[in-house]
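Next come two complexes, and both contain subunit A; in the first it sits with subunit B, in the second with subunit C.
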Partner chain A sequence: MVSTQAKRWGTFAAFVSPALILYVMFAIVPMLMGLWLSTTNWDGVGPWVPVQIPIDRFENEVLANLNPSQQAFLNTYYIKDEGQGTYRKQETDEKSLRGYKKYRAMALFSKAGYTNPNFRFVGLANYMKLFSSDSEPDFWPQKLQVVRFKPGDPLTKALSIPKKEFEENFLPNITSSYDSNLIKSLYRINGENYLLDETHFPRKGRKFSVAKELLAQEDIGDEWEGFLDAVEAAAKNSQTLDVQAIMTSTITAAANGSLSPESQTLLENGAVEVYDAARLKSILSSNWFDYSNRMGVLLFTAFFSISNVIAVNVLALLIALALDRKLKTQNVLRSVFFIPNVLSMIVVAFIWQLVFSHVFPLITGTSRWLSNPDVAPALTVTVATWQAMGYYMIIYLAGLQNVPQDILESAAIDGAGGIKRFTGIILPMLVPAITIALFLSISGSLKTFDIIFALYPSTTSTMGVENLTINIYRDAFVDRQAGLATAKAILLMLVIGTITGLQVRATKKREVEL
Partner chain B sequence: MLSLNKDNAVQRRKITNIVLEVLMIVAALIFIYPAVFVLINAFKLDAEITTNPVGLPSAFTLDNFHRVLTASGDGVTFFKALFNTLFLALVSVLGILLFSSMAAWAMVRNKGKVSGFLFAFFAFFLVIPFQVIMVPLVVLATDMKSLNLMGLVLMYWGLGVPVGVFFYHGFIKGVPASLEESASIDGAGVARTFFTIVFPLLTSITVTVGILDIIWVWNDFLLPYIILKKGTLVLFQFANFTGTFSTDYGGQTASLVLTATPVIILFLSLQRYYIKGIAAGAVKG
Partner chain C sequence: MKKLSFVLIIALLSGFIFTNCKKEEEASADAIEINMSYYKQEITESLPLLLDAFSAEYPQVTIVTEIHPNDGGATNAAAAAAGTLPDLMQQPGWSAIIENAKNGYVLDLSSQPIMGKVIDAALPAVTYQGKQYAVPMDFAGIGIIYNINIFEEYGLEPPTTYLELQEVAAILQDNGVTPFAGLLKENWSIGHFLSMLHGSMLGAKVGGEGVAEFAASMNAGEADWGAVVDSEKMFRIIDWYVANMDEQAFEMNWNEQQAAFAQEEAAMMVQGLWSYGPAIGTNPNLKCGFIPFPWSNNADENKFFADVDSTFTASAQSSPAEQKAALSFLNWLSNPEAVRIWTEDVKLTSVFKGADLSAMDKPFQDLMASSATGAYPWEFQLAPTPTWEQATKNGAHSYALGAATAEEVVASINSSWVENYQP
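Moving on, here comes the complex of A and B:
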């Protein structure tokens, strides 16, 4: 009897162990470690054991408090460096402080009472930081200044500036009168926009229009390139254009007075064009801004999640209702609506980037979509909804299968209109499907990362579309505050758990049994 | 009186159905347009994509595809990336299927407090957002020197098993134990019983979970992004993301088409199981 019992438990353990061990090792242990990390000040990159310690501290504080075998262990990895006055950590491939050795070293240090400044216990400091009023300015709404013309942009981006932006966000910002006169001379109003006087500037794709002629001039030779570079540099440094000086310093023929008048004129004209172009670019990139309101991380997370949940569920339900009528093309339609859901988030983001930059301008006439901070939040919701809707459509279709057709038909015969049938019969019977759809869509939208990250790889914060998960990622891998990031993640976990817990309880109460 | 009402209702229903069908076809076309847009443009020459984004290609060309297939961003060619992703997806998913089915079966056939606790323990996973374990996973992988493809496989096993157990558990509950009992009377060992008798019965749920997990692993972005060092082993989507084709619209569209096609083919051929699986999960709650 006993042996069969033992054998039974033995097999049980054998069958359950692989899954259990893997799960514990890669989900539970990391979660616990995450909890632990959130109580430290680790930056995510630095080593957990100190790299170097001053000689006196190592010998008097650390070694003094350890027994000989422990001292020997540490001494294998920490070598005295008289010149630096420290003990430095020496690691080679065979002799490295990895894995359990690292943890042992950490334990020894803490036993001796030495704390590593790059990795020490700070208790709930990270959590307290989140609740104090002056940290995390990104969390709260702010007025954003968006640069409209980056230094490397081509002039084609500034061919047309909307009237309001020109008069409020550009011209007034220019401080030097030379610069504002230049701008006023180069831009003419035409209807709703200020247009750049293109005739003044070199044609696109060529450095300047007289290049061909200059190239042919023998007394200039190759030196025209150096000349133009010097002109551009003068423009960027806001120096006045002294053509003669630049000519003398870059063209040998000019320096020894043998420059032909023809070449002289060519150089002068070319200089003016290049100078003005570079000057214009420099003025544009330092003065042309756009102001918009950024929601801040918390508000955007809320906005995104709520909008996404509503949009996804309403659309999915409507489409499911429409497709549930045994139409001829039903299966094909169902697959078409579902396909976006099998695409990777990166692919979805890139598809929509192409659509927003190529198709939307054609249809609507507005060319700024993704780069416009005023609509960016709404666009992220649109793309995320497009991707997710198919999944919930399936859930609602499945739920609709459970609604008995005969009850619906008799209600129709009795004169109940479509809406009445929906609210009175279908909706109550759909509650289990709604429960699960809400649960998945709420937790899913709060955890959304990939798709927003791919739409705005490095500009989520400046565009006002940074949600909590992206903020956490930024803290951990960009701003080097792994401890803080994990603390935020723990809070996020609690928030998701609470919200979904409340939601499931509320909707389970309304479930109707047949 | 009654029959007249019914006839009217049926007639109205037929018309509504036709109108609805047309409406839905139009809606579906609009809905899927972004993907179609990318597909059409992949066959256009670069210049035409800028001048004529919306129309059909005037000169059908496979140039872009050729460029993508022969490009090597960061020293990794397209086919190597494809192979990496394929390896990752297949090995991860096979492991998940094997381990979850074994665990779920043992739990269902040994009802009791321990099994109940284990089930809840696995279900706890749904509450953990990835961000909590993000950094620790990197730390663990660095410690175990497993910042590589095989290390990733282990992680996907650990992360995929809870949901797998969930699905198998629900399914196996509906599988009668009689066949197993007669096998054990005949003297078959437990392992043999499981692999030769039980597992074949689980085919439909295996296919469902398999497809779900393959698509998940194939499309997953953040975990490989933080585990694999850039420039060494690169998966499919990275080429797009790291800007190998930033202004090369032709290359970008072709790359997107190539990345998305395997998954779409997989989905279309097995969609019955996939959709059934999602629906089953929804109904059972």
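Moving on, here comes the complex of A and C:
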């Protein structure tokens, strides 16, 4: 007869120990490796052991500081290349510094006092960088000034300005009363827009129209550019237009008195036209702006996670309650709500890109959705919620199956209404489902990567929708700062562990058993 | 008896399986499968033609492809760190090659026969410390691809100066035609535009070699990216360019830009010729020309922003047998049939000596003809990867959005270059 003790050891050896070994290999070891990497300057690409070292350094700084057996080890893998003037690491199947040999080589280089520039210990510098002023500007919330009219924009862009824009984001920003009066004299309200009085700009302020006329004059020719640039500079600097002085300083024929009367007239008229347009453009580009808040990586991560967790769980629970009734279309509706969860994230992103780019503009008349940083964060949460909702609906439906019908019926007979039955019976008995749904949605939201990456292939930063996981990816693989990225990843892991731990503890306390 | 029968059946089945496995192993003793990554999404349909032609000559080698678009550099970096680089890699010239060569991730190809067949002008883009680490494949230029039919309809000539370009755009606008097909949903195209203007302005001032010297000064932290050119003018041209795109430009990605141009909704697009193939594929009746972006009013200064674009490298992490197969592919690339497929089907130029480019379409002829008078090198290839990927592309995109000033973009490029340059 097998003793209980032996049975226990047998069970441990057969079932627990393989799981523990796998856990150590694929969870503990990578975690410790991460901790180690987060204290280095590794760029994510550079080799951990040098690929090549100048001959004199290898012989005098490395080998000279090692004992014969250690020298022999390194000499096995590093071959002198006289042509290159270096010792090169071999990369063949037979002789390759892989596995434990790589770590031994690293230890030997370290012992010899040779510092690999690609892989250097930096202590807690990566963690400190996160909270110092050196961290990326888009990591923290920012209030950005967004200009509506840029210095090089054509005047045609400001022929019509929406009333709200004009009265809220343009006119109040003009501090000079002269400029303010000039703008008021140039723009007239017409319905919902302020329209530019085009009689002042018969050629829509197009500089090239004037330039072409000047270029055609033999005594001006290519000198038109210097002349008109000087006129524009005067307008930009709010200087009075002195055509004669600019002509004399930029047009040779004007300086030596041989300018034809026709050219003179064209220069004078052209200067006024270009000056007026440049003056208006200068006022527009300096004063027509709005402010836009960018959450930055940290705040967006929090915003996305909180919104997504709330939206997903509330909507999933409501749908589950609705579909828990005996409806004829119950199964079809359950499938319909679950289907988005079956789709690949890339497909989901593609579908919503089409919707936001082609359907929404038709319905709303607003052309920019995903490319508008003011609404992009909310849209991102919407898409993520739409995709994930069905999965949590299944969890809540499963939880609802465990609510005994007889208790609900008794409560109904006793006169409890729908809301009372929900808050008094269904909700307390759903707490186990809520525990698991919250745990999964919180950890999933904090780790979200694919949907954001697919919706904004290269513009997460400029659109203000970069969460911590995308930021970590960018640091590691684009900015080549694997050490810093690993430090962030470890902090993210700690945050996820802490939040989900607290959440499970809090909801577990509220679980009731029959 | 039952037990005996069962054992016999198992033994017979096992023998059958083992025998067949061995036969298969013997048959495939020489066969080898290698993988290739590529980043040019526009060659997805034509690349298999090249690989099929290679397989016809080397039936024992099978090349399996995988695409690494946009973030090709990042994907390869991750693979390099994991020791799983593809055996063959399509990579851009200059910085990608230097980085891989420096880290020992790609094979030195200097002694391979193929390198003797590459034109001299294409070698600097694949050279590190005097050795060549990649086979340069195509010479590409960024400029304006324009629709000849639309230009003819409105009596327009291809502009040679910025003044003429502004006039062309105004005439198109006045006739309800969008001058430029937009692409602002992604950051790379506007990043190219900024780099093109800067590289061209700088190139006009200091010459092609001067651009490399400028990059060296930036590496040393001794230069100011904005101060070496007329920055104000540069950013004004960006403003003008963005203002002449579709209203929906910020919602348009590369596919949508191609569609708008191919469907003749826009008369021009600022792109490399890699975009010509997909456009003509969508609308075979399209008649296109290719001109340098005329940023200057001195026509002589307006040259293509052109350099070696794609190259092929072989991984140093592959096994000797895989390396041998990869090298056989690289050495086969100058074969006339390979050059024909590359130029006619893949629709990219070739940098092999004596390559016959006469069958190429007009835009390619325009590029090669114009480049004979000189071109401005791709400055962005000389910048550290994060400076190009983040500071330049994101900076240009933020500027186009109106969320960053010209001064902020320049400051970001300056600081990123110094921080990220690694000797």
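By our rule, the second predicted complex is superposed on the first by the 295 of 514 C-alpha atoms of A that agree within 3 Å, B and C clash if a C-alpha of one lies under 4 Å from a C-alpha of the other, contacts with A are read in each partner's own complex, and residues count from 1 in each chain.
The definition used in the following text is that a residue touches a chain if its C-beta (ideal position, glycine included) is under 8 Å from a C-beta of that chain, and two chains touch if they have at least 3 such contacts.
Please read all numbers here as calculations on a predicted model, not as lab measurements.
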{"item": "Touch count on subunit A, higher of subunit B and subunit C", "value": "B"}
{"item": "Partner chain in contact with A:A433 - subunit B first, subunit C second, else both or neither", "value": "first"}
{"item": "First, second, both or neither for A:F73, with subunit B first and subunit C second", "value": "neither"}
{"item": "Partner chain in contact with A:P457 - subunit B first, subunit C second, else both or neither", "value": "both"}
{"item": "First, second, both or neither for A:Q52, with subunit B first and subunit C second", "value": "second"}
{"item": "Touched partner set for A:G44, first subunit B, second subunit C, both or neither", "value": "both"}
{"item": "First, second, both or neither for A:S292, with subunit B first and subunit C second", "value": "second"}
{"item": "First, second, both or neither for A:R368, with subunit B first and subunit C second", "value": "second"}
{"item": "Subunit B versus subunit C as contact partner of A:R98, first or second or both or neither", "value": "both"}
{"item": "Touching partner for A:L144 - first (subunit B), second (subunit C), both, neither", "value": "second"}
{"item": "Intersection of the subunit A residues that touch subunit B with those that touch subunit C", "value": "44, 98, 457, 473, 477, 482"}
{"item": "Interface residues, subunit C side, partner subunit A - complex", "value": "70-71, 73-75, 77-78, 80-81, 83, 99, 102-104, 129, 163, 166-167, 170, 173, 184-188, 232, 235-240, 243-244, 247-248, 250-253, 256, 297, 316-317, 319-320, 385-386, 389-390, 393-394, 397-398, 401-404, 420, 422"}
{"item": "Residues of subunit A touching subunit B in the complex", "value": "8, 11-12, 15-16, 18-20, 22-27, 29-31, 33-35, 37, 44, 98-99, 102, 319, 322-323, 325, 327-329, 333-340, 342-347, 350-352, 354-355, 358-359, 362, 386, 391, 394-395, 397-399, 401-402, 412-413, 415, 432-433, 435-437, 443, 446-447, 449-450, 453-454, 457, 469, 472-473, 476-477, 482, 485-486, 488-490, 492-493, 496-497"}
{"item": "Contact footprint of subunit A on subunit B as seen in their complex", "value": "2, 5-6, 9, 17, 20-21, 23-25, 27-28, 31-32, 34-35, 37-38, 41, 49-50, 53-54, 98-100, 102-103, 105-107, 110, 114, 118, 122, 125-137, 139-140, 142-145, 154-155, 157-159, 161-162, 164-165, 190-191, 194, 215, 218-222, 226, 236-237, 240-241, 249, 252-253, 256, 259-260, 263-264, 266-268, 271, 275, 278-283, 285"}
{"item": "Interface residues, subunit A side, partner subunit C - complex", "value": "43-47, 51-52, 84, 88-89, 91-93, 98, 117-118, 144, 146-148, 150-154, 156-157, 206-208, 211-212, 215, 222, 225, 289, 292, 294, 356-357, 361, 367-373, 457-459, 461-462, 473-474, 477-480, 482"}
